[in-house]
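Below are two complexes that have chain A in common, paired first with chain B and then with chain C.
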Partner chain A sequence: MANPEASIIRLEGLRKEFDGVLAVQGLDLRVREGEFLCFLGPSGCGKTTTLRMIAGLETPTAGEIYLREKKITRLPPQERNVGFMFQNYALFWHMSVFDNLAFGLRVRRTAPGQIDRRVREVADMLELAQVLDVRAAKLDLSAMQRVAMARTLAVDPDVLLLDEPLNNFRPGLRERMRGELKRWQHQLGRTMVYVTHDQEEAMTLGDRILVMNEGRSEQLGAPRYIYEHPANLFVAGFIGRPAMNFLEVEFKREGEAGLLQRDGLRLRLPRDLTAALESLPSSRLVLGLRPQHLRIAENGTAREGGVFRAVVDLVLPLARKQVVDLKLGDELIKMVLPADRPLLVDDAVSVAIDADRIHLFDRDTGRAIR
Partner chain B sequence: MASSGHPLADTSEGRASFLSRLRRAVDEERFFGTLLITPMQLLLWFLLIIPTIIVIYLSLVAWEPRMGVDWWQAPFAFLRNYAQIFQDGRFWAAIGRSLGVVVAAGGLEFAVGLGLALLFMRDFPGKRIVTSVILYPMMLPWVVVGLAFYLLFLDRGPVNFVLTQWFGSGATVEWFKNPLLAMGTIVLADIWQWTPFLFLILYSGLGALPKDPVEAAMNLGANRWQIFRHVTLPMLKPVILIALVIRALEAFKIFDLVFVMTGGGPGTSTETISLYIYRVGFVFGQLSYAAAMAVLILVMITLVTRFAIQPIEEG
Partner chain C sequence: MESRRLREFTDAVLRWLAGIIVCAIFLLPLIWVLSISFKPPEEWIAYPPRLIPEKITTSNYVVLFQPGNPVGGVGAMVSAAEPVTRAFINSIIVVPIATAASLVIGFLAAYATTRFQAGGKSLPLFVLTTRMFPPVAFAVPLLVYFRALGLIDTQLALILMYTGFTIAFSLWMTRGFIEGVPKSIEEAAILDGASRWRVLFTITLPLVKGGLAATGLFVFILNWTEFLLAQIFTSRQAITIPVQVSHYVGAVGRFYGPMAALGVVASIPVVVAGYIIQRHLVTGFTFGLVRE
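Here is the complex of A and B:
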């Protein structure tokens, strides 16, 4: 789109309370023109509530919503021109597909000829031309989804808001529909805000992801960036599968080198990181290790990083890799290995940690240090 | 496989077979289901099916209590009773009046009930109390309602009293002496008593509708009237049909209110079909003829109901 920095939707200190329960607590956000933005978070994190406030289906307790810098906070949903796709499609089940698609145009008193043209246009685009006369309730899931999409598109909204539209699909179809969505977005070049609790979905679809938790924004950024640089413990634990391992460690200075220590683990740090950690008030840290970044130590240890000895507790083989649970004292550590490395339960192994692939968090605030 | 096996295994299997067969029979859903509905079936037979058969039999014989023989000894009349119905102007007039009650009372009850139900979709202070007050007329026996409205509309009753207070001493209306007004008071009493029923069904029907199609319509730009007309009302259609069918059946059979308030008068101008059948049977003593009319009504109602419920069954 013309200017990638131009924001089409802007949220300012958006808050929502339901009978004293805080659903969204002070959200600031700029949605860029033409982007595919995913709201990602566990259920009850306020992502759907936020989406519904943008569409005008909920009234914010406080804060403002702008669409193209025009304040729409108190505008009724009818006057926003923001398309909303519901989780269960919310089709008009008693109407034919044609009437569903024409609904938005008819209530706007569009000329019949124009309605007919526009309906056929969106029906062609979403492959609904064959079922225009079928009653909505009789369609299959994927067609319902396309009708919901087409119905929203028919009135040419400024933004499309999608509330977990793939939730009802079985896994195989779900992946296919994910591809469809991505294709539509390219085709339509339209701004989309997409709510999901499925991180894979967010990672594949989103240009950017807003990770939410307990009504707050935890991090906003490109999928890859969020994966590689999680801003805090919540994001680090939520993004990536299997989830990141967390170990409580103490930072110590030993001569020139900095060390991270706990029972059964000593990790030597590079100089720059040592310097950074020294300037911190607390030495109580959380070490984050992605299961994919651990490897079995062959002979000799690296100069930086460390090796720990652990016992194999469980092996979950997948097609080309395996997920291995390791016991380190009382902690379970997950590790992903290629499938061709044979491991048995109760094997003792040495696991190597590369110092440049670790994540560190402040144990008190949960914020990422690195 | 050869029939070798262990001898012990054979006997144990033989002993178990009766018990396990019994258990299987009990487990089998159909058997258990039949067992459960048997008492209800018996009740149904005694209350409904046997009396119906007797009425049908009665309608085919020529029997009046004053003949001095028991009804099962009466001579067969075959379809003569039915033939008589078609020449009975009073019968068809009564049918017409009953239909009039259905249309007038049913229609107004539906309109008011739906209006109330829509009003009650929104919260307002005192809603629960108002709800129970609205439902109160439904809990009254018909006779009480009939009596209350009879007393209200008496020549020197409260309604006329209020009228004279407003419009002067000449403004009394003889409600029960004018055929149309008499019918009006009956319909009014019926509306007063049965609007709550339609309100209740429509209100719970509205409450059970999914919210998101309405929200989708809002999102697509529809105003309140458009949403009501094109989304809410069609979704409510099955509930509306059921409510109307139930109410129409009841209203068609209206008896108590007429019996108490006008006795069918003045003349026969408010005589509904139930009242007429009652009179033919128990006042004029022509039980066979009354039975024939009752059977004909039953057939007509059954046909109309089937027809009315068809759209619901088709989904």
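Here is the complex of A and C:
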């Protein structure tokens, strides 16, 4: 971890085709030494395939993989020194915990004394010392996860690759195991690449997140940054819950000020944004509004931004907040409000938009303008 | 509340009843065979039938091994038959070897076809076609081959045929068990540095051994009771127990007593094998623990 900028894994134009279907199309990536990187995306976006290519369980159709700047693209999995934790843990059910942990070391013909020492070391680290003699099939889920983790660690890999290891847990346990994972990562100081489709998991665990869709990288960055500055419509819609509202709007100039306009909505823009939008070839935009950033307008309108009138369509109360569906013409807009603001279905409300909290996207390319 | 308890009770009664009826249907012939095997000739087909023999005798068993003994009675009836020893030895040699060979080939083929699609997607189906014709359809051409090879009336002929005819079962049954082992378990072992063969023998094989035991027992019983091919391809040297059973027929009728006695003796190895394997049959297949 000496140099945080040093990349431990580098992917170069990585592609994978399965029977003519493109699973991964041209992925470039640098994984930094010691970081926790999450691959996040809907199922079928190529995240697991990418992980499996790094491990050597799939062969890329094109592109190269480097581990510490050594080309490993065609190297068999066992010569790469990467650890892989499977979604179903893939424990050797018929063996004891000890034999599970010792398997890799035995294959490598490590001296018995050394095997014993190393197994006890990782077992201590993951609180498995008590169950070393138990058969893997008899363990509870949390212990299975720890055995899976310990087994990948036993052979001291350069990188740990984790494929949705929390998928099998019920919600409460899932959050606890998530905490465990985060702690291990701190303790072990290993580089971890973690695949998940759960954005909350990616947000809490990842130092950085790679958002993937349809075999492509959509955005790479710190969780907070991706949330605040989504690079395109896909990322904007995928990250954040409830999902960001999208409205098609036209950009217009009215005297000094710039305006975003559509039926039932006029939004006045600050000067710098107006200038930026003017330089664009198209005035057809998509306005992105986070449900959390909308508020009920009390008296008086803002100088910048705008107010629109809408009708409450549905109220979903949660413990400390409520999610409200509003009808603006044919569009449904979600907003999140504190629970103490009473609202009834069919109420007419005025909703305020702050101009400095909006997101704007080019309607044709989907790319973020702001 | 009351009616629910009543329903549960009647459900249990009906379940037991169904179980008893099924068991009776399957066990009654067995018990009957056991009963006949201890009966003297005059009681074999006496009417009304009795479950417990009036005069219990072991001569049906003695005569199997020493035809013509005891003098008179059953002994006189089957004095022309061969002692059962030869058939027994043949069966004991042919059946386990053929079963083991079928199991080994079937398992390896199943592994290759499930994990590597070896031979293409439809190879297992082709193997299955060997069971789509009655064995007698193969018997005549095989007879020609085996005569040319000098294999008529040899143990080897039976071993070859029994292995070949049961490979389809071994392949298809073990396929199901291998598919039950998640691929990721093997991948985990490969990532740990294990070779393909090591994965096969230290990971996959132990995980499917229950299934292999079940398959083995099934194939063993098939081979142990095979009559048609043995009847066609053997005459004296290589006869097996089912063929020997058919020898207890005289000009005046069937010798039910020795037939039943041989039936009892012949089922002993199967019962023993089943008992040994039972433990593996019961131990569950634990892959379902974590959902995929």
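Throughout what follows, the second predicted complex is superposed on the first by the 370 of 370 C-alpha atoms of A that agree within 3 Å, B and C clash if a C-alpha of one lies under 4 Å from a C-alpha of the other, contacts with A are read in each partner's own complex, and residues count from 1 in each chain.
Keep in mind that, in the parts below, contacts are C-beta pairs under 8 Å (C-beta built on N, C-alpha and C of every residue); 3 or more make two chains touch, one makes a residue touch a chain.
Keep in mind the model is a prediction, meaning the values are calculated, not measured.
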Original post:
Sharing chain A, do chain B and chain C clash or fit in the superposition?
Top reply: clash
**OP:** Considering only the touch criterion stated at the top, classify A:Asn168 as touching first (chain B), second (chain C), both, or neither.
**Re:** second
Original post:
So, does A:Phe103 touch the first partner chain B, the second partner chain C, both, or neither?
Top reply: both
Original post:
In the superposed arrangement, does A:Phe86 touch chain B (first), chain C (second), both or neither?
Top reply: both
**OP:** Figure out whether A:Leu267 sits in contact with chain B (first) or chain C (second), or with both, or with neither.
**Re:** neither
**OP:** Have a look at where A:Met149 lands relative to chain B and chain C in the superposition and call it first, second, both or neither.
**Re:** neither
**OP:** Share the list of chain A residues that count as touching for chain B in one structure and for chain C in the other.
**Re:** 55-57, 77-78, 82-84, 86-88, 90-94, 103-104, 107-108, 137, 151, 155
Original post:
What residues of chain C sit close enough to touch chain A in their complex?
Top reply: 182, 184-185, 187-194, 198, 203, 206-207, 286-287, 289-292
**OP:** Mind listing the chain A positions that touch chain B in their complex?
**Re:** 55-57, 76-79, 82-84, 86-88, 90-95, 103-104, 107-108, 137, 151-152, 155
Original post:
Which part of chain B faces chain A closely enough to touch in the complex?
Top reply: 210, 212-213, 215-223, 226, 230-231, 234-235, 237, 315
Original post:
Touching chain C in the complex: which residues of chain A?
Top reply: 55-57, 77-78, 82-84, 86-94, 103-104, 107-108, 137, 141, 144, 151, 155, 168
